[in-house]
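In the two assemblies presented below, chain A is common to both, partnered first by chain B and then by chain C.
Now for the complex of A and B:
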């Protein structure tokens, strides 16, 4: 049996929508059929890992059992105790599988880890967030079955958007009112078609048609500009890749939100016109939002809180700069342990630190602010971002460190 | 000092502006506060009013305006 990857072909959408039909009818009558929902979710997850991908399926099952066991044990412990070392030990164990999967290719010459599977990152984000909120006491009572449904929520399992346990619980526990649900459905249909346009028309054009052409040209020009390979074709590659990255991923995210809407679950949006951002801070509030907000709340805020409380730095500015650096370094390492992902992280840390310095400098000064300065800000931000995506793409690695044209 | 005065004086330190006549202004949307200010606000509230606010309780939607902050603090006290 061949495996079925989520949102990849028309057949998948047809089968999925058919399978969801009873759920939609139920929700229209104000009822949420949770058992049926779980069965549909499970069937589609099985289909993802059927056939040649069965090993990944086994990894998923072991992984979920691991996370489930850890969180239940911690929930039991946290009822009456709250020692720091137990929390840190559990946190370490929750992160461990993801860390192994990310580090293995770097030390094993590009070989992927045996315990990896599509979606391990996104499941880990959910698990880590839930654990931290339990430590904080924000989650008072963890419901094991709800936690499983949350982890294995099918529309978002492979690539997000990343929901939060408490937010998911709110959606899951109540069926939306008829009016609310009709509104969700109409948005769901719109997102579905917007997703088709983004991923299969615009994203396809940039990624499948244009990208190979500019890549070939840039590789042919690799001796340009004194051997640095900086050529017009490389600049073209940068913009084409950036467009492809946005439309492909935004399209994918729209599908996930759309299908969640059909199921009456409110999944957060992932993109909000990121290329209209006026600065890098603004950009991270618009680009892959569920990830950047996750990093903001569970990494940046916690590092800031910790360093402020323990007075590691005298100046507030240094705290934020330190926290930004850690935040984006971790994000870089998470993308993968390669020089270009880590450079991408450091690049964004520097960009946001410079952005911060500029904003502080500007504060209280009467600098001109009009249509033109706005346009300039958007233009500069756009180019800084596209350059960061060129680093991220790994193309420079190919251009500089491989010899044969592939 | 009561809760309102304390919150306003903390916010005054953080944003550099007197917000007493702008009690319903969204501090995040207007860019007056960012994540750093948020953490400092949480720490100051802990120190001055002895309310314990876990970072994960800090949902921006519930802490967006001076009035909302005062309400939340009173709830947590």
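Now for the complex of A and C:
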């Protein structure tokens, strides 16, 4: 049996929408068929890992059992106790599988880890967030089956957007009213078609048609500019790749939100016109939002509070700078333990720290602010971001450290 | 609620009908204009190579396919396309090839074209550099792979040794999937295609055909302008000898920053400094005599023979001064050319221009392995009469032994033609 990757071809959409039809009809009548929903989700998850990918499927089952056991055990413990070391131990255990999967290729010469599967990162993000909120006491009571549906929510399982347990529960517990659901449906259709436009027309054009051409040109020019490979083609690659990355991923995210909408679940949006950002901070509020907000709440804020509590720094500014650095370093490592992902993380940390310094410097000064300065800000931010995506793409690695093609 | 639902789902329904209608119905599209064809024929664009529409239209308008690889993009004033335009030859050039297109790529991508060439002529530039131990590079194959041509090939009756060999070779490239993959497995095993696979292939073929028809018209190429600029550097009338003299002069003027006679720009960009030192003696162990490419070549010969196409083969040399510098063994090159020529001649392919003995001539090569200036003039000296003359229908007698591993690994002495 061949495996079926989510949102890859028209066939997938046809089968998925047919399978969801009974659910849609139920919701139109104000009823949520939770059992049917679980079965459909399960079937599609099995299809994702069927055939040659069965090993990933086994990993997924073991992984879910592991996370489910850990979180339920902690939930049980947390009802009456709240010792720090139990929390840290559980956190370590929750992060462990993801860490192994991310570190393995770096130490095993590019060989992927045996316990990895498509979507492990996003499941881990959900699990970690849930654990932290239990520690905070924000989640008073964890319902095991609901937690399982949340973790394995099919539309977002492979690449997000990352929902939060409490937000998901609110959607899942109630069926939306008919009017509300009709609104969701009409938005869902809109997002679906916007996703088609983004991923299969614009993203396809940049990624499948233009990218190989500019990549070829750039590789042919690898001796340019004194052996650095910096050529016009490389600059073109930078922009083409950035466009491809955005439209491909934004399209994908739109599909996930759209299908969630059909299922009557409100999943957060992932992108909000990121290339119109006026500075790097603004950019991260618009780009891969569910991830950057996740990092803000569970990494940046935690580090900030931790360092404040332990008085590591005297100045507030240094606290946030340190937190930014950690935040983006971790994000870099999460993308993969390679020099270019880590450099990408450091680059963004530096960019946002510089941005911060500039914003503080600007405060209280009477600098001109008009249409032109705004345009300049957007232009500069856009180029800084595109450059960071060039690092992220790993193309420089290919350009500099692999042998030439003839 | 019903009204609201119609408002939401109605447009979706319309979109589905429009999309499937446009892709799956056997629609007819008008033929491309002369200008479109002219631009496509010299564009070296991947979509032209892997599509059907432009190539077929070009052949209908009397264009002659020049099948080759990277040398086709070396458009100095003596390039075949420039000479054909400048001197109003009775033929136009349809350039098919780019870096990395070897025999197998050309075999797949030109299936529909070869069928239209019955009784016509083709110029085929065989680079010795293709004949490496691995043969066709799989990444390049995937880059130029044409699902349209592939599914068209599979939908014809398949069976003989050549078909089975071709299917095996294509499968070895590792980039096929779905119905095409299943069909290739069947052909390789000598079995008929099952009807679900055949039905799927047919739908896929129609879809790709419509796609080719719809999207091959959005092509823009700077190459026609480049050719016109190059043509402007030529005199209005010239004999072969005058052309050769001019080419020599131009070539020398353009290759002054290095001792190899390599184009200045190419040398500055690709070989300057440390790079050059690293390449000294780097090609001592190159060997083009043993390669699966010989059997891939046979696949193309099989197509030429089946369609009774008259083919002018050209075997370009390697820049001799560059070969000496990199240590590329001269005997090996001679033996490679001998083996190729033997394979051609013994099956009745007699129009061969072997240029490997001319590697030392000045301004012959534009860079390390690509023809330029005087090299192109020499090509023209053979190709021009070949294309203008009326030729009798060829008689080829193919031999299956050229598909064997034994032949791929056979090394021939230079005098063994």
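The definition used in the following text is that the second predicted complex is superposed on the first by the 405 of 406 C-alpha atoms of A that agree within 3 Å, B and C clash if a C-alpha of one lies under 4 Å from a C-alpha of the other, contacts with A are read in each partner's own complex, and residues count from 1 in each chain.
FYI, a residue touches a chain if its C-beta (ideal position, glycine included) is under 8 Å from a C-beta of that chain, and two chains touch if they have at least 3 such contacts.
As the structure is a prediction and not an experimental result, all values here were calculated from the model.
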item	value
Which superposed partner A:223 touches (first chain B, second chain C, both, neither)	second
Touched partner set for A:84, first chain B, second chain C, both or neither	neither
Contacts of A:368 with chain B and chain C, given as first, second, both or neither	neither
Partner chain in contact with A:296 - chain B first, chain C second, else both or neither	first
Partner chain in contact with A:178 - chain B first, chain C second, else both or neither	second
Touched partner set for A:193, first chain B, second chain C, both or neither	second
Touching partner for A:109 - first (chain B), second (chain C), both, neither	neither
Which superposed partner A:308 touches (first chain B, second chain C, both, neither)	first
Which of chain B and chain C A:28 touches, first, second, both or neither	second
Contact residues common to both interfaces of chain A (with chain B and with chain C)	none
In the complex with chain A, residue positions of chain B that touch it	16, 34-36, 38-40, 42-43, 54-58
Residues of chain A touching chain C in the complex	28, 178, 182, 185-186, 189, 193, 212-213, 220-221, 223-224, 226-227, 405-406
Partner chain B, residues of chain A touching it in the complex	132-133, 136-138, 281, 296-297, 300-302, 304-305, 308-309, 316, 319-320, 323, 363-364
Complex contacts: residues of chain C adjacent to chain A	1, 4-5, 7-9, 11-12, 15, 46, 99-100, 129, 137, 139, 143, 269-275
